[in-house]
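You will see two complexes here that share subunit A, one where it goes with subunit B and one where it goes with subunit C.
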Partner chain A sequence: MIKLTINGLGVSVEEGTTILEAAKFLGIPIPTLCHKEGLSPYGACRLCVVEIGEGERARLVSSCTYPAEEGLKVRTASSRVLRARKMILELYLASCPQSKTIQDLAAAHNVRQQRFRQEFEDCIMCGLCVRMCKEQMMAGAIGFRGRGQDRSIGTPFDVKSEECRLCGGCMFICPACQLRCTYTEPEKAICGACANLSPPCIEKEQFDDMMCYMDPCVACEIKED
Partner chain B sequence: MRKLTSIDEFVGFYDRLVTDRPVGVPTIVIPAGTCGQASGANDVIRVAKRELLSKELSDSIHLRITGCHGFCEMEPSILIEPRGTFYPKVKLKDMPRIIDAVSNDDVVEDLLWLDPETGKPVERQQDIPFFRQQVRTIISRSEKVDPIRIFNYIENGGYQGLASVLNRGNPGWVVEEVKASELRGRGGAGFPTGLKWEMLAAQRNGNGKFLVCNAHEGDPGAYMDRSVLEGNPHSIIEGMLIGSYATGATGGVVYVGDEYPLAIKHLIIALRQARELGLLGENILGTGFSFDINVVKGAGAFVCGEETALMRSVEGKMGEPRQRPPFPTEKGIEGKPTVINNVETWANIPVIMEIGAKKYKQIGTKGNSGTKIFSLVGKIKNTGLVEVPMGTTISEIVYEIGGGSIDKAAIKAVQTGGPSGGCIPASMFDLPIDYDSLTQAGSIMGSGGMVVMDEGTCMVDIAKYYMNFLKSESCGKCYTCRKGTQRMYEILEDITEGCGTLEHLDLLEELAHVVADTTMCGLGQTASNSVLSTLRYFHEEYTEHIIDKRCRAGLCKDLVGAPCQSR
Partner chain C sequence: MNPVDIQSIVDKHNHNRGGLIGMLQEIQARYSYLPKEALSIVAERTNHSLVDIYGVATFYKSFSLTPRGRHLCSVCLGTACHVRGAPVIAEEFERQLGIKAGQTTKDKEFTLETVNCLGACALGPIVVVDGHYFSNVNTAKVGKILQKTRSGLDKVEVRTDKRIFPVEVSCSRCNHSLMDQEYLIDGHPSIRVTASFGRKHGWLRLSSLYGSHNVESEYEVPEEEIVHFFCPHCHAELAGASECAECGAPMVSMIVKDGGIVQICSRRGCVGHMLDLSGANA
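Entry: the complex of A and B
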């Protein structure tokens, strides 16, 4: 067992436990976007940063990927953490303002301004859909492509993947793409956006007995119009 | 080539090579690294060969093709041994005169390097200020060695370090020696190499351990690793062999970008020759010690120079950094313990074995031992590779070795450490170059790029340039790195286009700190350095852009009608 303290509270956890899990055990909330139980931790959204170490060596790490270490002193809500978290949320608001998840997080953290050039993006590249597809659906139909500003998620060569069973898991898990289903401009309201796959609800015939996870979803109604 | 089956055989082989070596025969040395070839060294070699053959001098004058000697500004150049005559910027039509002079043990006065201060020609290479001020423990070896001839390397004392280590038969001693030398990783972070090796040696893993040579050099304007790999690949192989013996590693990997075709070619030839001679592979020199090295070619993503991304790339996956811990020494390539060292670090190992840790430690300053190679580029007279002891001041490198500014404009700043580094203003040129001083000044040592800027350079533009590089080279995994670099670029673009406000500056600084704080790997953590250091030392240039809508270098086109009107 590894002993560490989080915000001054001592806790013993098993080896291999992450800081996020240890904090959850203590009931200390840490906001996350790219983390889901049952999927491997990835550390992309950076919202879950916490401060570890002391003095000169203090630094921020993502709690979802950092393993608990003996004697570690973690601060989940220091001023440095809060400042970083607010800036991260401001960045998210600047790029994905339509997402309900992001709006709620920003409101909860008292983010009242957005000082960057406004963008309307559909994907925050959290990689939840990629991990869902691979680890839970055992398909691996989609993945990351490119790097930096050209990074995107999709199937190889943008061809409809034979691995894809149209399970909709990618859409179910997406924290941002519901915004595309309920987009401000109705003509762009198509779901399945985060994966760039052919959205199941558009091909109504194939979609017959499948359950739509995007609730409420307006895509089908728009199609009928 | 016959395989050498024991250490004694190797020693005998070395003795034979040394005694067979002709003494006093003049040798024409032509550096033909990628930089030399680009400036026409191949033609010089061709003409030299033709001249030597047609004048039937091929027995009395030898020719040696080597890697880069460092003075890239003057290439194609020629060095005549043993006199040490140095001919810069050789023209093909001058070759016959040079060869005639060599055969008469004479010098062509009018082709020599001219000292810009005295206007007098300087004959010998070691008298030229560019070379005189350096301590060239690594690069000078490239002068002596034809990289595709292993005999050349051995007769110059190559693989002696390996032989002595194998003879001693005590891996722990090697680790202690490297630790005692206080060698720090030359890739940029400056982690003590001996400590890293000790961690790997302590790992008990029956499935094998890996050693990696990180030759993935992505910084714009930096090319010292390429030159070492091109000019002296055997020194890397020897360093890795010694490392493997010390740590018990079973497999070696050289990770090199595919944009270095000559380095890859020389390395592959060197590996083959070492294998044929029994210096690499199974049962090395009959001692029962086995180690082999593979070459893995990278596709050119900057981030793959980061060690965890590099490991994933070696595994054949997308180059994306991951969380450390677990550190590579615990869990590296394919989950096996791995040590990753830079090319220059590996090249230092045979030097340490040769001269001993005690003597090695005397080079440089306390806590920063040894020499470091910098690639000096930008607005500087003597562009090239510069090797100096740690602790040398920036002004020594820029003014004494580099020869100062290229034209009348005064030097304003030096950018060290590539895109992840920061700009150091001329007022701080007394700063000694070592890992700790540079970090304190808001920059990093990095792998050793050094870009000199004069008054014709706009610092906002420079920050924008590096941010542009980083926003396309970030792997994109961490949101703050991917989006943060894009947003910083956006703000810098606004400022250079005259749309900036003072609030932009606050936002830029705030964002820069958060990006540095919240990203996972070294790329993101240092991505803000160019912005933060220019904000710190050149704040007035930013405010000028914003308030006066003026760019003093006249580079930000949107702020000025024509450069002549901007002043």
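Entry: the complex of A and C
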């Protein structure tokens, strides 16, 4: 067993436990975005940053990937952590303002302004859909492609993947992509089955067999220029 | 594209996880790009999903998913080259070839790409064509570089080029000299060996100039064919222990007179070679 303190509270956890899990055990909330139970930790969204160490050697780490260490002193809500989180959320708002998940998180953290150039992306590269597809659906149909600013998520060669069973898991788990629905390009479409009782996209002819998991799915209406 | 070739490349590297890059590099060396079917075969045989392989292939800039031209022009846009006017040179290349960076000309002769540093900043602006470095390039030199590439960069000017020099070689088994003083190639005595490929068996003469790839032979050797080389005196095969770093074919090894060995690739058209003079006193 490993002993560490989180916000001054002592806790002992088994080896290999992450700081996030230890905090959860104590009931201390840490916001997360790219972390879901049942999927491997990834550390992409950085929302779960906490401060470890003391004095000059204190530093910020992502709690979902950092394993507990003996004698570790963790602060989950120091001013430095809160500042960092607010900045991250502000950046998310700049890139994906239409995401309900991000809007809610920003509101909860009292982020009231957005000082960066406004973009309207539909992806924050959190990798949830990639992990969902690979680890839960055992498919591996989508993944990361390219790098740097050209990095994107999708199928190889941008054609419908043979591994894809149209389960819709990727759409279900995505925190950002109310716009991911690809109804305008059915041949590239990932989404396939829908819980929406009257999805507007069905009325489009090329989408006869298309269904969508987003509820409420508004993608078709937003994209309709 | 031959699926069996791809499979053998995959099996060669498949013993560890890190072998993927090696596979892709070898496939790219063979076909000058990564064909879609090849990636599927790699995915299937390595038990990865295709998207993982595709992710690696798109991550690294040296891999290409579209066919490349015969000649690859890399214009350096690193900091040092940039301040000395490399962007203008890249534009000049684009203008003269009629393509944008990253594209291939319609006749499949040239592929133009920009790179971020070639590590030869002191010589900048640098342009590399098929592994040949051109230093202190300016826009006036661009036309000359393209012209030189079209006429063949591997055609070396024997008299003026200091990088090439004649070697005298002998058989690594019987130590008989392989030099033919009567038959000259590039104005120097040639290296005479017996060559065998398919069902053909006959003499073959190589230029003795290190760096020149001129060859004359009794039978025309088809491109890409792997040729077996034999000593005309003791009839032993001149086999080296290693494989060509460029294409994976077996290397042919010969002893250099003053010590050391020279190895050449046995595949016709491949210019892989290495010279190891570690045994020489000079």
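As a working rule, the second predicted complex is superposed on the first by the 182 of 225 C-alpha atoms of A that agree within 3 Å, B and C clash if a C-alpha of one lies under 4 Å from a C-alpha of the other, contacts with A are read in each partner's own complex, and residues count from 1 in each chain.
The criterion applied here is as follows: a contact is a pair of C-beta atoms (placed from the backbone, for glycine too) under 8 Å apart; a residue touches a chain by one contact, two chains touch by 3 or more.
Quick caveat, the model's predicted, so the values are computed rather than measured.
Looking at the shared chain after the overlay, A:Pro29 reaches neither subunit B nor subunit C. In the superposition on chain A, contact is made by A:Phe157 with subunit C only, not with subunit B.
Legend: residue contacts after superposition of the two complexes on their common chain; A:Leu91 is shown touching subunit B, with no touch to subunit C.
By the touch criterion stated above, A:Lys134 is placed in contact with subunit C alone, subunit B being left untouched.
Of the two partner chains placed by the overlay, subunit B and subunit C both lie in contact with A:Arg147. In the superposition on chain A, the residues of subunit A contacting both subunit B and subunit C are 143-144, 146-147.
Residues of subunit C that touch subunit A in their complex: 36, 39, 48-55, 58-59, 65. Contact residues of subunit A toward subunit C in the complex are 134, 139-147, 155-157, 161-163. Touching subunit A in their complex are the following residues of subunit B: 301, 303, 318-320, 322-323, 325-326, 470-480, 482-487, 490, 503, 507, 510-511, 514, 517-520.
Interface residues of subunit A facing subunit B in the complex, by the touch rule stated above, are 42-46, 49, 59-62, 65-67, 69, 80, 83-84, 87-88, 91-92, 94-95, 115-117, 124-127, 143-144, 146-151.
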